[in-house]
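Just so it is clear, A, B, C, D and E label the chains in written order, and each chain counts residues from 1 on its own.
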Amino acid sequence: MGKKKHKKIRKKGLPPGSLIYTGHHEDSPASVFSVWYTNEAYHARESYAPEWLQQQDGIQWVDVRGLTDTALVEKIGQDFQLHHLALEDVLNTQQRAKLEEYDNSLFFILHNLRLDKESFELQSEQIGVFLGENFVISFQEDSDDTLHFVRKRALEGQGRLRKRSCDYLFYAILDTIVDHYFGVLDELDTTIQELEAELHADGARANLKDRIYDLKRNNNRLRHFILPLRDATNRLYRSDCLLIQEVNRPYLRDLTDHVSQIFDSAEFAREQLSEIAGHYQAEIGNRLNDVMRLLTIISTIFIPLSFIAGVYGMNFEHMPELHWQNGYFIALGIMLAITLTMLTYFRRNKWL
Amino acid sequence: MGKKKHKKIRKKGLPPGSLIYTGHHEDSPASVFSVWYTNEAYHARESYAPEWLQQQDGIQWVDVRGLTDTALVEKIGQDFQLHHLALEDVLNTQQRAKLEEYDNSLFFILHNLRLDKESFELQSEQIGVFLGENFVISFQEDSDDTLHFVRKRALEGQGRLRKRSCDYLFYAILDTIVDHYFGVLDELDTTIQELEAELHADGARANLKDRIYDLKRNNNRLRHFILPLRDATNRLYRSDCLLIQEVNRPYLRDLTDHVSQIFDSAEFAREQLSEIAGHYQAEIGNRLNDVMRLLTIISTIFIPLSFIAGVYGMNFEHMPELHWQNGYFIALGIMLAITLTMLTYFRRNKWL
Amino acid sequence: MGKKKHKKIRKKGLPPGSLIYTGHHEDSPASVFSVWYTNEAYHARESYAPEWLQQQDGIQWVDVRGLTDTALVEKIGQDFQLHHLALEDVLNTQQRAKLEEYDNSLFFILHNLRLDKESFELQSEQIGVFLGENFVISFQEDSDDTLHFVRKRALEGQGRLRKRSCDYLFYAILDTIVDHYFGVLDELDTTIQELEAELHADGARANLKDRIYDLKRNNNRLRHFILPLRDATNRLYRSDCLLIQEVNRPYLRDLTDHVSQIFDSAEFAREQLSEIAGHYQAEIGNRLNDVMRLLTIISTIFIPLSFIAGVYGMNFEHMPELHWQNGYFIALGIMLAITLTMLTYFRRNKWL
Amino acid sequence: MGKKKHKKIRKKGLPPGSLIYTGHHEDSPASVFSVWYTNEAYHARESYAPEWLQQQDGIQWVDVRGLTDTALVEKIGQDFQLHHLALEDVLNTQQRAKLEEYDNSLFFILHNLRLDKESFELQSEQIGVFLGENFVISFQEDSDDTLHFVRKRALEGQGRLRKRSCDYLFYAILDTIVDHYFGVLDELDTTIQELEAELHADGARANLKDRIYDLKRNNNRLRHFILPLRDATNRLYRSDCLLIQEVNRPYLRDLTDHVSQIFDSAEFAREQLSEIAGHYQAEIGNRLNDVMRLLTIISTIFIPLSFIAGVYGMNFEHMPELHWQNGYFIALGIMLAITLTMLTYFRRNKWL
Amino acid sequence: MGKKKHKKIRKKGLPPGSLIYTGHHEDSPASVFSVWYTNEAYHARESYAPEWLQQQDGIQWVDVRGLTDTALVEKIGQDFQLHHLALEDVLNTQQRAKLEEYDNSLFFILHNLRLDKESFELQSEQIGVFLGENFVISFQEDSDDTLHFVRKRALEGQGRLRKRSCDYLFYAILDTIVDHYFGVLDELDTTIQELEAELHADGARANLKDRIYDLKRNNNRLRHFILPLRDATNRLYRSDCLLIQEVNRPYLRDLTDHVSQIFDSAEFAREQLSEIAGHYQAEIGNRLNDVMRLLTIISTIFIPLSFIAGVYGMNFEHMPELHWQNGYFIALGIMLAITLTMLTYFRRNKWL
């Protein structure tokens, strides 16, 4: 997953529906992985298999990884009669998560997220998934095999995947991607706890400021991914589209719950970060107070003393005190008295 | 109740519905307490009693404490025909509070909260409660006997519990757990009042900052428990599920009211804490002003005086003033005049 | 009206509906004032008059002041068939304002507010009012005669009170209590204006901070009383309960309007207080700037001068300048030149 | 328009519907201006003309200016059968903007606003307008001829006013008043732009603070006038009241649009003022930094130098350096070296 | 596109519907470009072609650029039977984006935005578009050929434009204008990233403050353009107006999506700018701390030392230490000891 800049590259002057890839994963070569299965059988192929379109029964899943081959995307779109605006959204990878209902299909866009551990940048990959009557097509921006757990479950006949209809596969793909968000939130949470610990240990270190800022920015970006996703999953759960069977509805509710949970965690992280930033500001203020208090104590004590010493350092011819036998010790005594008075004052005001 | 970290442990790659306990109470051994009662009779047993399933009348309540024995959870789930997604939620203890309606049962998730008095950390325990036609099943993460007041009321035939239907027991369990929130809010409130008092007494103490931060974080966590709970109880009150009898509806309204009240108090605490934090910041600013004012007064008075003393401490051969008879006293007089001028200036500007 | 702490005393382990008084007005002895009137007649008695229940026509109003006698509350509840959960709410005086519809009655909870002029604390008294087919029952926490204006109007046959049905009396009671809120807001507003004036006159006085804080806290508490009250009055206005006659609906709209107006004023006060707090912070910053500017000007001028004096106060044997005829005056001249340069610099930077 | 304090004067203990004027325009003598017109005819009179009530056709407009004559208000109310609660709202001039539908009339309350150019205070005048089947009655708190443009259009038969029904006149009055808000916003906007310019020119001047505060307060008050007005116009536009003809509906939509635009501008002003306040705070912080940097540079350079001078000003008998031939010049050299080192350090840290 | 000041020029006292241009593009001469096309034919003319109104088939598009010729606007309005309130909105160019449905036409107002690269000011041009049964009329405030891509596609018969009905042309115009928003957001985003980089490099530079302020203001203005646009496009998509064909609905959904995406980006920019401002404030606080720490270290070390030097610079006759053989060196030693103690203290407190 390459770093995705928050930048919009648009095709000025072209009519809507033109198929041009605008994302940041240009170095991902396009590959296709096709699966066809029924309750009994399972066939897989590492290429596009248009002949399976003729199959009367079973479910076909076409998993496209890498979007640089727009001709291929167009071909698949025509074979499965996907709407050209949806295909454009697949390639124009600055979409927000959304669900779109077409006459013969559902189209879901969401993002696979990852937190790069070194740069601490949130990286995203757009994934578009189509659900038809007997097919699921997933378009991933990246060549990573994000969905291999799903394929494995289909292959091994594990769980409910093989026994259920097409929409369960659709759900399984979405669920797998959404699960990655928990990982991102875990890392975010861990980092926040580390930050908190450091703040308690040594509050006003300058570099904390930058880390708080980075965390806030990434959390904001995360929230901007989750917010539309929450809407989209909610609408999917409440959709009355005939492609979704009643028996699978609880799974969609579960998916919606997960996204709500993710959103809630991100909100909590945001509140936490906001508290941390406030705490840091207070810490800086306290630190300044400590510094200034020390300066003031030292200055307030010594400046008057120095003044007295200065007075008796003057060279006037007629300064009677200078000739007193104990003049020096009286002067020292006065200085000591001033010092003690000051210290008492500071102690009373709890400065010491 | 062990400390619950805000951490998500997920079972990557497993199909949904897999039963694995993911919470932080692994040291709580699973125990079961079964109760069967009618208006006249009451039977209790400290183990699971599957044979009571055969009973035609009466109400059975299975109270599972500790979720480490997943086989037991699965067995109970099968006996009472609970949905496997609900069972997964019972074990996957990072859920938000929610109400789920299934064909033959209602499922409610909420959390038992406690404020640890020493570490001042909010501790939580997830509790899942099922309501069926003639049974209630409660799954507690922890082995504490949280619900013993309910059992006592059932045993003693006190109040309405024995005379009413199954949903009243369901309500009684939820109500008992929600009542604990009031205790948490009381402690929070007491702590806030203490904080306020200290702030008035000695506003800018550095450690107050940390306590404000801790309180805010815990209050935030509390609000994230209450918010979904409010939705869930509201939906329970408005639910048209046949398992809930019309005569018990006012009790559910009462429950909803309590949660609203709790939410309101938590909101008030949040606003209060925000004011306290602002007050603390202002206090720090004031304190800095006081410190700097003292420094400035002392410096502004003595620095010019010291300069005069310094001038007459110079060793030039030809300094006429040094030879004046009253040079020294004139110098002292000038110094006094400067001091008085300064003091007048400061008094006029209300610095003194 | 005693000071009501924001504290929840709950009856742990008791079944819901248990009648125990939990408020802070334990020193208010319970007294009852009963009124029975028709369009023509008016009877009043300073005790509970259960025999009036037999009356076929007319309206009975039972005004209970002080809730310490729970037996009395229970007796009245039984005589008028009030729901035991509502009675519990009457006694458990930490309720939010609310409207509850029962089969044969409406139940409204709201609070009488007063701003104590000395401690500047918001004091509250919970009042529960029941409306039945031919009765109104009001339960006041406090023994003050809050509703004497209403009784007076009933007695004197003034206005519409005697001519209208029971719900008009119900409305008159609520309206009288809500009117007190305007008084609280007036005092709040006056205090805010005083605060504003002081802020303009002498902005950074330390005690302003505490008063801003107190005002904000009280305003927040006030808002937490008004918010649910707004919901409750709104629901009362829109209620299709048969106990409310169509002809009295405009009065309920008027009541709703008043509460909206009160809420609006409280919101405005909140915004104002927030601005005042911001203004105060800016004032502190400015004040610090002024203080520091003075210190810096004095220091920047005199520290170099003192240094020059110090140099010529050194006791080196060979210091040629010391022996110059005009050495002293040249030194003074240099000092003057430095001073003038500095002053020019400060004036150019608008520091003076 | 006199200055309206945000103060609520209520008539304690009086039944609702009592007609007492509570506003701040007591010095506005009540005057009435009556107009009666059909498509062909136009009659005007500077007094109340109750005989026109008998007219079968045409539209009568009664414009009351000044509300001190409550008997007159009551008389008009009886003649046109206006609800006494509405009349009370006319006189009780602390209402929020609102629309009320009665059986035979619509009642709209809104405020005429003006920004006093000298005191920069927002001044308001409450105006209540009734729409009946063949009459419009406007009650203005103030004796200003706010609506003379409307009368002029009616007189001259200009535009659509004379050709349309009663509700168009009603609309024309509301539109004329709402238009004044644009003027207030213009002045607010101009002042904000001036403030912005001053902030850029000389950011931290103390008096800016007060002006920002004044602007914010007035903008807040403005928003509290507009918010309920927006609701009220919206409800007027969507109202299915038969007094409003379908053909005039686009005009009401236009009115609603204007109020939305006004609200939007006030919101924008609020955001702007908030940014300006933040900018001002940052400016103060920067200024303090500049001041302190200068102080620190001067102190850091001269304090060590003065110390060296002080050392060689000591009067010990045995101080070898004092007797060196070049002791003085070596000391000066060391001082110069220290100075240069410091300057280099400050330049490297970009303090100079 | 000239700079549009946020200023409202209203026509006081004129009846609604009066046609007067109130915008800031008075130097844009009015020009008209007419297009008439069917699936086969395409005719274009650089003037208004009223005779095409007689055409039975085909689509006419009148593109008016510059609104200074109000007579022309009125003529077109009459020819196409546009509502006079809509025409007024076309000329009164301080409208918010909106959709209005009239009996025979749809009317959409939106704004063409551009970010001036030098002054970094957001410039806007209001564009009003009418959709009728067989015509589209666009009124642009400015003489720029904003829509030439659309005309080019119509001319070349490219894409779907020529084959589809009138509403597709309407959509194509809106889409082209909305696309410009992406450009503005790109530049905004780039500038924010530059700002971020500078902040990390050299955080507390004073001029950053002004740039943050400018960005925030422009982002706020941008949001105030987008917010009503989002509502308007949403309503267009959901409108059941017969002028919009079902087959073109997905394009309107796509348009709505784009505006949502734009709004989301602007929101993200707002959050980012708010974080940056907070970061900048923290940086200023840190910087002040650094400055004060240096001052305090220097002062705390040297002030006591200078005091000691001052003491032994006094001229008392009887000061025994002065006569000690090693008095000078002992004094120096004490000074060194004090210095080391201080340095150790500072190091322990991590000040060095």
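As a convention for this text, contacts are C-beta pairs under 8 Å (C-beta built on N, C-alpha and C of every residue); 3 or more make two chains touch, one makes a residue touch a chain.
A quick note: this is a predicted structure, and the numbers were derived from the prediction, not measured.
A.B. asks: Under the over-half criterion for shared residue numbers, do copies chain D and chain E use the same patch or different patches to meet?
C.D. replies: Different, since under half the interface numbering is common to both chains.
A.B. asks: Would you kindly tell me how far, in whole Å, the mean C-alpha position of chain E lies from that of chain A?
C.D. replies: Inter-chain centre distance comes to 25 Å.
A.B. asks: Taking each chain's centre as the mean position of its Cα atoms, how many Å separate chain A from chain D?
C.D. replies: 41
A.B. asks: Do you know which chain B residues sit against two or more other chains?
C.D. replies: Within chain B, residues 281, 285, 288, 292, 295, 299, 303, 306, 310, 313-315, 319 contact more than one other chain.
A.B. asks: Based on which chains are in contact, what kind of graph results: line, ring, star, complete or other?
C.D. replies: ring
A.B. asks: Reading around the ring from chain B and passing chain C first, what chain order results?
C.D. replies: Once chain B is placed first and chain C next, the ring gives B, C, D, E, A.
A.B. asks: Quick check: in the complex, which residue numbers of chain C touch chain D?
C.D. replies: 149, 152-153, 158-161, 172, 175, 179, 182-183, 185-186, 189, 200, 250-251, 253-254, 257, 260-261, 264-265, 267-268, 271-272, 275, 278-279, 281-283, 285-286, 288-290, 292-293, 295-296, 299-300, 303-304, 306-307, 310-311, 313-319, 350-351
A.B. asks: Can you check the complex and tell me which residues of chain B touch chain A?
C.D. replies: 6-8, 10, 12-13, 15-17, 83, 85, 94-96, 98, 100, 102, 202, 204, 206, 209-210, 213, 216-217, 220-221, 224, 228, 277, 280-281, 284-285, 287-288, 291-292, 294-295, 298-299, 302-303, 305-306, 309-310, 312-315, 319, 321-328, 331-332
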